[in-house]
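Scrolling down, you'll hit the structures one after another.
Each of the two complexes below includes subunit A, the first together with subunit B, the second together with subunit C.
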Partner chain A sequence: MENQISFFSSFALNDIFFMAEAAYRTLLISIISISIGTFIGGIFGWMLFEGRIIAIILLGPILDVFRSVPLIIQLVLFYNFAPIVGFDLNAFESGLVILTLYTAALVANVVRGGIASVGQSMRRAARSLGMNYWQDLRYVVFPIGVRAIFPSWVGVALGVLKDSALVSVLGYVELLRASQILMTRTQEPLLIIAVAGAFYFALSYPISRFSARFERKWSQ
Partner chain B sequence: MFDYNFHWRPVLKSLPDLLEASLVTLQVAVLSMIIGIIIGLFLSIIKLKAKGPLQWFASCWIELARNTPALFQLFFFGFGLGALGIHLTPFFIVLAGLTFNNAGYLAENFRGGFNAVPETQMKAARSLGMNLWQAYTRILVPQVLKIVYYPMTNQFVWAVLMSSLGMLVGFRELSGETQFFASKTYRIFEYFAAAAIIYYLMVKLILFVSRVLATRLFRY
Partner chain C sequence: MIKIQELQKYFGQLHVLRGIDLQVEKGEVLSVIGASGSGKSTLLYCINGLEQIQGGTITVDGVKVHDKGTDLNNLRQSMGMVFQQWNSFPHLTAIENVALAPRIVKKKTKSEAIEIAKNQLVHVGLEDKLNVYPSELSGGQQQRLAIARALAMDPQYMLFDEATSALDPELVGEVLETMRLLAEEGMTMICVTHEMGFARDVSDRVAFFHDGIIEEIDTAKNIFENPKSELTKKFLSKVR
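Take a look at the complex of A and B:
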């Protein structure tokens, strides 16, 4: 039995680096999609709040679709739809597009609520002080609204960070995909899934703690 | 216009199967929700009242459920427990994963709910001669469930959407069935578009029913 070739090799230090690199990919795709998605979502939220009839009829239901269809279906659908209309996107790019739109849909709702949370009388006061509409948005609504929506925005961002695991369906090697690959090779699923979980926990838990503390501090 | 021929006939032909599979989706979501509510109530009470290892256990459950991806949780119940010699069927993998997730998220909601119920309610119940169990089940929990009704319906929608991850562990709910047919006929886009529509309608139906239920339940 000595010279038998083994197809499996055990978990080694190298694999930790492999997983760390995969964690970096997870972070990369989530950070890009969260930043662009937040920006777009902010504009969408403002459009929803200002409520010109077209925005409500067109934008509302479209954003609603992103929130009512499972992300995994959205990903597979878009990945297979893009080539049909002539875009040749790889797994990373399609994942990025869908995650960005998904973030935007969630953030739009949050932002709409945030703008609504700034009292009407406060805005009237700003306008009667001689500010124009944009100054009112910039110097009154923005500072107050950001404080109001910060916790829910962090919640959305963490949700997207976790949901980025689903891009693995398209073949993008992020943290969970990497751990699947390692599981196949090492045949030690429990250890590897625990390491992957620890990576996610280490990314997500400090941020949620930080946001909770921030919220307490601001609500005082 | 497109360099692609859409074939909707196979989708229409397997529509009954897809609808049947969506019942499986609903079934697993409802079950995970019911068990999740019960566990979540216990977790939140333990986290509020207990000390020592019990509280530590509840905190661990809640933080793990909230800070790791749902897909990771499914993989844990699928592959992780498999390493310990516990082999669950796909149905129970999804049920366990969803329940674990629901319980964690709901416990956090319930905690807010318990904090919102005035302390005098408990004292009044106890001084009327109820024991602790009666006070909780007849006085406190109904009020908490009323307070967190809307977060709960949101969580239920999440459970329905998250059950789509079952497709990655071989569970034949709506997504799994969709993938099965898609790989059989190679009409990936068409099948996943159909699944997206079914999910959308399902979510809308759930929200509608929950709203109707709310008007019936909370008349007083």
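Take a look at the complex of A and C:
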């Protein structure tokens, strides 16, 4: 009994800071991969829509792989194989690369649909006014498409935020990993899981609120 | 002047325009009538360079539309186009809809573009809707907005592709009235239309399309009162 107390200690205020710091890491890896992934995914989506031969025979299947192989498998494979081909990446960097590509694959599909939703007739109207291809894309397709795909994009972003927990398998101490560490030490799994859940909620909630505001503004 | 010679247009195997010869002079109003699928819309898209052609030539003010060297974005500014689906930009207010192209294509300053837009919206009778989004406009108002948007580029020609066919019957009148006004102002117009009253009263000439060729073209009076082709007679008897 005495012995056990020295091994396990109960949940303390310090541990909240430890989890907050881990939540920050979750946020960090998510924000970076969502931002870059969205940007790359936007370009991929445009390439898929334009249907250039390379896009269809190469990009499509590659993105399908990222969308359909479970993220955890991608992470483990990449983390272990990257050094073999000369990339010496730590857990954070590996996680970042895979989460970014995963985001890009999901966003690409959403964006392709968004561009298609604008419709040929609208685009011809824009072109008939003398707009060139890029002006049409920038001033007509982009604003209309963004509004159309925004809810799906928020879904992707929230999904990536939660899925970033899987990077813990590589040893990156983000929210889930931190919770596991604390659970082992305190033997209070329910409390810790609840706190972790609260942190995830605190990270996602602003995104949901923010997006709801945008959607309301746009729907007027 | 728009001059079309020996125009051939295919969609894959489908031979849609089978040798069109047509000339539209400055200030003229030409109505194009004919059965569905006869190639009327396709003709307008070809004139505007929105569709490739497989034979013949289209020249607008001496410029060959489908020549490799032609700056289509520039040429299109001289031809306003109004579609069956009005295609207003849903994310912009009425005045922004009209001001967009002058600002980004003609590189007008913001205040110049707004000024142009306001004038054109007054022109089509939407002066009380300047800051309204298209979703709050009726179909007829949106179609007039589309007309104002095209006019804001200060075009020499206006091409109308069944501008009223998607409208509820009670809204057709206001759009036709706007088109009539334009005609009276001397705008050169090609109007694909199912509105025989408009074709008869407003146009100088009427072209009857049948199966990818101009079956008959004549003054509005002759077409409606004294058509020569049996096909024209048959078509007119059906639509009236």
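Going forward, the second predicted complex is superposed on the first by the 202 of 220 C-alpha atoms of A that agree within 3 Å, B and C clash if a C-alpha of one lies under 4 Å from a C-alpha of the other, contacts with A are read in each partner's own complex, and residues count from 1 in each chain.
Here is the rule we use: a residue touches a chain if its C-beta (ideal position, glycine included) is under 8 Å from a C-beta of that chain, and two chains touch if they have at least 3 such contacts.
As the structure is a prediction and not an experimental result, all values here were calculated from the model.
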With both complexes superposed on chain A, which partner does A:Ser204 reach: first (subunit B), second (subunit C), both or neither? first
If you stack the two complexes on chain A, which partner ends up touching A:Leu77: first (subunit B), second (subunit C), both, or neither? first
Touching A:Ile43 in the superposition: subunit B (first), subunit C (second), both, neither? neither
Max touched-residue count on subunit A (subunit B vs subunit C) belongs to chain B
Figure out whether A:Trp218 sits in contact with subunit B (first) or subunit C (second), or with both, or with neither. second
Just checking: does A:Ser128 make contact with subunit B only, subunit C only, both, or neither of them? Give me first, second, both or neither. second
In the overlaid three-chain picture, which partner chain does A:Ile16 touch, first (subunit B) or second (subunit C), both, or neither? neither
If you stack the two complexes on chain A, which partner ends up touching A:Ile56: first (subunit B), second (subunit C), both, or neither? neither
Mind working out whether A:Ile144 is in touch with subunit B, subunit C, both or neither, as first, second, both or neither? second
Given the complex with subunit A, which residues does subunit C contribute to the contact? 45, 48, 50, 73-74, 76-77, 79-81, 83, 85, 87, 89-91, 100-101, 104-106, 133, 146, 149-150, 153
Spell out the residues on subunit A that touch subunit B in their complex, using ranges where they run on. 65, 68-74, 76-77, 80-81, 84-86, 158, 162-163, 165-166, 168-169, 176, 179-180, 183, 188-190, 193-194, 196-197, 200-201, 204-205, 208
Enumerate the contact residues on subunit A facing subunit C in the complex. 121-122, 124-132, 135, 139-140, 143-144, 147, 218, 220
Within the complex, which stretch of subunit B touches subunit A? 2-4, 63-64, 66-72, 75-76, 79-80, 82-84, 157, 161-162, 164-165, 167-168, 175, 178, 188-189, 192-193, 195-196, 199-200, 203-204
